[in-house]
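Shared between the two complexes below is subunit A, which has subunit B as its partner in the first and subunit C in the second.
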Partner chain A sequence: MSMRQAMKPAHIARSLGKKRAGGVLILLVFMLFFYGPLLYMLPLAFANKYEYPAIAPTQYGFQWWKYVLDQPNVVEAIVNSFLFAFASTILALIICIPAAYVLARFKFKGRKFIMLLFLIGNAFPKIGMYTSIGIIYYRIGLMGTFLGVLLIHMLGTMMQMIWLPAGAFRSVPRHQEEAARDAGAGPIRTFFHVTLPIAWPGIAVAAMYAFIGSLGESVGTLMVGLPKYRTMMTEMYGVILDFPATAGAVFALIIVIPNIVLLMLMRNYIGGGALAKGFKMS
Partner chain B sequence: MANAKLEIIDMTKLYNNGDGVKNINITVEKGELLTLLGPSGCGKTTILRAIGGFNDIQGGDIRIDGNSIIALPPEKRPTAMVFQSYNLWPHMTVYDNMEFGLKLRKVPKAERKARISEMLEMVKMPGVEKKYPGQMSGGQQQRIAIARSLLLRPEVLLLDEPFSALDAKIRQQMREELRKIQTDLNITVVFVTHDQEEAMALSDRVIVMNKGSIEQCGSPAEIYDRPVSRYVADFIGEMNFLQIKGKTLAVRPEYVKVAPGKGGDLDGYVRTVMMLGHYVEMTMDTDYGIVKTFISEDESRAYHKGDPVAMTFSKQFEY
Partner chain C sequence: MVNQKSRWKTTLVIVGMLAPALIVALGIVIYPIINTVIKSFQDEATGAFTLANYTYLFTNKLSRAHIWYTIWVTFLTMILAIVISYLLALYLRFSESKAAKVISSLYLLPRFIPVLVAVYALKMIIGDSGLINRLSLLLPEGSPLYDFKPGLLYNAKGIIIANLWFNIPFATMIISAALSGISSSIVESARDVGAGKLRIFFKMILPLSISDVMIAATFVFMSNVSSFTTPYLIGANHPMMLGVYLRKQFSSRNYELAAAVSVLIFLFSSISAIVYIYTNLKEKEWEKD
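Showing the complex of A and B:
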C-alpha cells in the first residue's frame, strides 16, 4: 500500500472531523443493511439468466415480468389487494378514530389497560392467533368470506389506528377546542372543524400504515381467504414456492410500486412538514 | 344593583383534590373592566372558566342581565373567552378563524366580510386576512384572538391572562389598546391576571384573591391606599413590613420620609443607596428590619453607607 493510499482515510477523517467520520461510516453501514436487499431486487427482477457461480446476472431482460404478468390470477389479485386495503383502512378509521378520541380526551378507569390491550394483539404470534380465529370462523361461517378476510386485515391495523390517532388527538391543545365551543360550535361541529383537522397529519400517517399493512398482509389471508380471495401477497407465496427467486423479485417490485405511489401522494397531499409532524419528527 | 351585567352569587366550585373556590360573590356593571388578581392557584381562572361554561359549578348561580346561564353549554352563553395561548385554529387563515363564529350565527356573507375588516382595522391589523396563525407573532395572534371574540359581540368578554405569554414591551402596548377598545365599545370585561401592575393599569375594579376566596375588592386606588390585609398589602405594590411589639406595621416606601441624623419615628442606618434612573432607592437597617424608601438624586448625595437616618412615616397600616 503506498503512502498516498494510506493517507486517504485519515484525510477524510480530518476533513470531516473524527466523530463525524465515524458517524458517516455507521450511516453507510446502516444504509447498506437497510437498502441493500431492496437494491438487490432490481438486477434480480430484470435477470433472464442468473445461475449459481455468477455474482451478477449473466443476461438481462423482461422474461420473468412477462411470466408473472401472464399468470391468470394476477389482475384479480391486484384488484383484491386494493379492495381489501381500501375497505379495511376506511372501516378501521371509522371504528378507531372515535375510540382514539375517547382514549385521548377522557379520563376513566381502565383507560391505560385498554390502550395496552391493543398492544397485546400485536404481541401474540400471529400464526397462533390466526389458527384460533380459523376455528371460530368455521363455526360462524366466516371462512372464505370477504368479511372474514377484511376482519383479519383490520386486526393487524388496530394498534396503529388507535395509538397514533390517540397521540394526535392528545396533542391538540384543549384551548383550541374550547375556543370553538366558545365561538358557538357544539361538540360535534368542534370535533369535525377543529379537532380532526388539527390531528389530521397523525391520523393520515396511521391510515397510511394501515393501508400498507393491509397490502402486505399474507398469512391471515392465506388461511382465511384461499382459494376464494387471492391477493398479491398470497399469489406471491405461490410464485416464490414454485419458481426461481427472479419471479419473486418481479412480484415484489410490483407490490412496492403502489406503496411508493401512496407515499408520494401523501407527501404532496398533506405536505412533507405535516407528514413529519404526523410521524412526530419535527 | 340595577346596572349589573354579570352577577356571580354564592358560587362554589371544588375540584377533586380540594382546590377550587368557595362562596364567591361578584357583581360586574355594564361597561366595567373587572380584574381578578392573584397568584397561580388562587382560583381566578376557575371563576373565569365557570362564567364561560367550561367548569361545572357545585353551588350558587351566575347571571347575565338577570338570567341564569349555568345550565347553558359554552356555545350557548353570551360570553366570549380569550385564553393565554392556542386561541387560533392553526389550519385556518385569520379570515376563516374570524368568520367561524359569524357563520354559525348565520350572518350574511357580505356583512361577515365588512365586520371582519372593520374589526381588523380596530385591532390595528388590517390586511392579514389570508395569513395563517403560524405566520404571525404571539402578540399579533392574541390581537386576532381578541378581535375574533369581539366580533361575536359578547355580553361579557372573558380574558384569561391574554398577555402573559408576551414580552414586556408588547404587553404594555396591548394593555393600552385593550383599555381603549373596551372604553370605546363600552363592553363588560372580566380580566384574569397574576400581574399586579397590569391589574392596576387596566382595571376599573380589582378583586384580589387568595386561596380560593376573595381577599379584597375595590378600585386600584382603594386597593393600593387601603389594603385590608397583610396579604393584599404585600401583593400590591411595594411595602415595608416591621414587626413591632407583636404588631405588624406596614409602610409604603413613598410614605417613608428621611432626614440625616436621629430622632424620627424610627431611626436607622443607611444600608444601600441605589440609582434607579429618575429616582434613587435607599434601604436602611433598623432594629425591626430593613426599610426601603425612594428619594431624589439631589437628596441622595447627603447619605452614605452607615450614616444615621431619622425616618418619619406619613402613612402607615397595622395588621
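Showing the complex of A and C:
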C-alpha cells in the first residue's frame, strides 16, 4: 500500500481494500470459468499417461501426437479445413463487399428488405437449413461435392460479411469521397484510394470471422460433405465421442492454434464497436 | 435527359453489385427456407396439403416436452447471459482497477474457440470423472464433498453452462461498445449533483445502452434456440433441444416432420428478430427528433 493510501482515513482505506478484493474475486471467477478449461487442455495434450484419479498427467510425452497424426484421415482433414476456409472467405469477399458497399452508400427502395434477407439466414435454424439444403443437393447432384461444401461454409459467413463491412463503409466520411471525386478521381479510383483504406479494418475483421467460422464449421460439412470431404471439425466429433481423452486434447490444440494466431494478429481491430455498428439497420 | 441517363447508370451499378450476393443468398438461404416451409405442410406419402405435422408436434407428448424444454433453456440462458454480461460490461467500463484491465484484454478469446473444442474442454473439467471430481478425491475420505460428482453433463445444467461460456463474451462485447459511447463526463456531472448509482444507471446508462442490449439478447436467443452441437454432445436424450430432435427426425427420414420442427424454431427466432427490428427502427425515429 502506498503512503498516500495509508494516510487516508480508515474507512476509505477499508473500502478501497474491499473494492480491490472484489476485483480480484471477479478476475478469479472469470479466469477459472473461461480459461480454466482451455488451460487444462495443455498438459493433457502432452500426456502419455493421464489416469483416473490423477489430477495431472503422470507421464509426459508426444505419444498421442503421434497417434493422432498417424490416423489416416487427419492430415487430409487439416488440409481440407484450410482449403475450405480460404476458398469460402475469398469467395465471400468477392461477392459480399460490393453488396455491402451499395447497401451502405445508396438509398433505394427495398434496401432494408435486402438487409433483412441476409439476417433471415441467421434466424432460421442452421440445422434446419442444412437439412433442407441437403435435400436440394441430392436433387441437383451437389451432395458430397467441393462446391456443395463451399456453399455451406458461405452460408454461415454471408450475413457478417455483408453487415460488418456495411457498417465500416457507413463510417467513411462521405465528404472525403466527394472531395476525391471533385478532384477528378473516378469512382473505382476513389473506392480503392479513399474508401477502402478507411474501411479496411472492418472488412478485415469480417474476413477473419468468416475464416474462423469456416474453420469451425462442423455440422453442415458433416451432413453434405461426408464421406468425401472431411475437415478437422467433422473428425472432432468422432474424436470427442470415441477417442481417449488425451487424443482429444491433442486434436483440440491443433484446431485452436490457427484461431489464436489470428486473434493475436487482429487484436487491435476487434471490438464490439464495429460489430454493433454493423448490426444496426439504419 | 442527362439526369435520367445517370440515374439509369446508378440503378445498373446497384443491381450489378448486389446481384451476386443476392443470387447466392436466394440459392442457399431463401429457396431452402421456402422449400422447407412447403414441405412442413405436406403429407409424407402423398405430398398433399396437411396440418398433420404441426398437430403432431403440438399434441405428441414427447415433442411437446422438447418444445417446452427448448423454450425454458433458451430463456434462462438468455437472461443469465445478458444480466451477467451487462454487469461485467459495466464493471469493465467504470472500474479502473487492474483486474478490469486484465479481463478487458482476455474476454474476447472464447469467441475464437470452436464450439466442439470448448465443449470438449468443459467436459474435462465438469464431467463426473473430470477435474472437479478428481480434486474432490484429494479431500479426506468421508468428508461431505469427497468424491463429489458435479452431475452437470447430460442435462440442462451442462447445456446452459456451455452456452454461457460462448454467449457471455459475445454479449459483453456488444454491450461494452455501447457503454464506451457514454462519456464519463456526463456520468460524473450527474454524480456531482448528487445522483445515486442506481439512479444514474436507470436514468442514464440503461436508456443509452438498451438498444445494444436488445441486439445482444436477440443474437444470444437465436443462437441458443437452434443450437445443435452443444446439446448433442452434452445434453440428455430426453427431453432434448429442438435442434437435436430435428436432426433425429432427419436421420430417420421423417423429412416432413423435420421441416415442421425447422419452421417452429424459425418462428421462435423470428419473435426475437422482431424485437430487434423494432428497437432498431425506434432508435432511428428517436434520432430524427
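As a convention for this text, the second predicted complex is superposed on the first by the 238 of 282 C-alpha atoms of A that agree within 3 Å, B and C clash if a C-alpha of one lies under 4 Å from a C-alpha of the other, contacts with A are read in each partner's own complex, and residues count from 1 in each chain.
Keep this in mind: contacts are C-beta pairs under 8 Å (C-beta built on N, C-alpha and C of every residue); 3 or more make two chains touch, one makes a residue touch a chain.
These figures come from a predicted structure and were not determined experimentally.
Taken together in the superposed arrangement on subunit A, subunit B and subunit C fit without clashing.
Of the two partners, subunit B and subunit C, it is C that touches more residues of subunit A. Contacts of A:V194 after superposition on the shared chain: subunit B is touched, whereas subunit C is not. Of the two partner chains, neither subunit B nor subunit C is touched by A:A207.
Residue contacts after overlaying the shared chain place A:I255 against subunit C, while subunit B stays out of touching range.
Applying the stated contact rule after C-alpha superposition, one finds that A:R181 touches subunit B and leaves subunit C untouched.
Centred on subunit A, the angle reaching out to subunit B and subunit C in the chain A superposition, using CA centres, is 90 degrees in steps of 10. In the superposition on chain A, A:P173 contacts subunit B only, with no contact to subunit C. Look at A:T131: by the touch rule set out above, it reaches subunit C but stays clear of subunit B.
The overlay of the two complexes leaves subunit B and subunit C separated by a minimum Cα distance of 6 Å.
Judged by the document's definition of touching, no subunit A residue lies at the interface with subunit B and also at the interface with subunit C. Subunit C meets subunit A in the complex at residues 10-11, 13-14, 16-18, 20-22, 24-25, 27-33, 35-36, 39, 88, 91, 95, 97-100, 102-103, 106-110, 112-125, 129, 131, 133-135, 137-138, 165, 169, 172-178, 180, 212, 215, 219, 222, 225-226, 228-229, 233, 242-243, 246-247, 250, 255, 258-259, 261-263, 265-266, 269-270, 272-273, 277, 280-281, 283-284, 287.
Taken together, the subunit A residues at the contact with subunit B in this complex read 173-176, 178-186, 189, 193-194, 197-198, 200.
Listing the residues of subunit B that touch subunit A in their complex gives 52-54, 73-75, 79-81, 83-91, 100-101, 104-105, 145, 148-149, 152. Per the touch definition, subunit A reaches subunit C in the complex via residues 19-20, 23-24, 26-27, 30-31, 33-38, 40-41, 44, 52-55, 94-96, 98-99, 101-103, 106, 108, 114, 116-129, 131-136, 151-152, 154-155, 158, 162, 212, 215-216, 218-219, 233, 236-237, 240-241, 245, 248-249, 252, 255-256, 259-260, 262-263, 267, 270-273, 275-277, 279-282.
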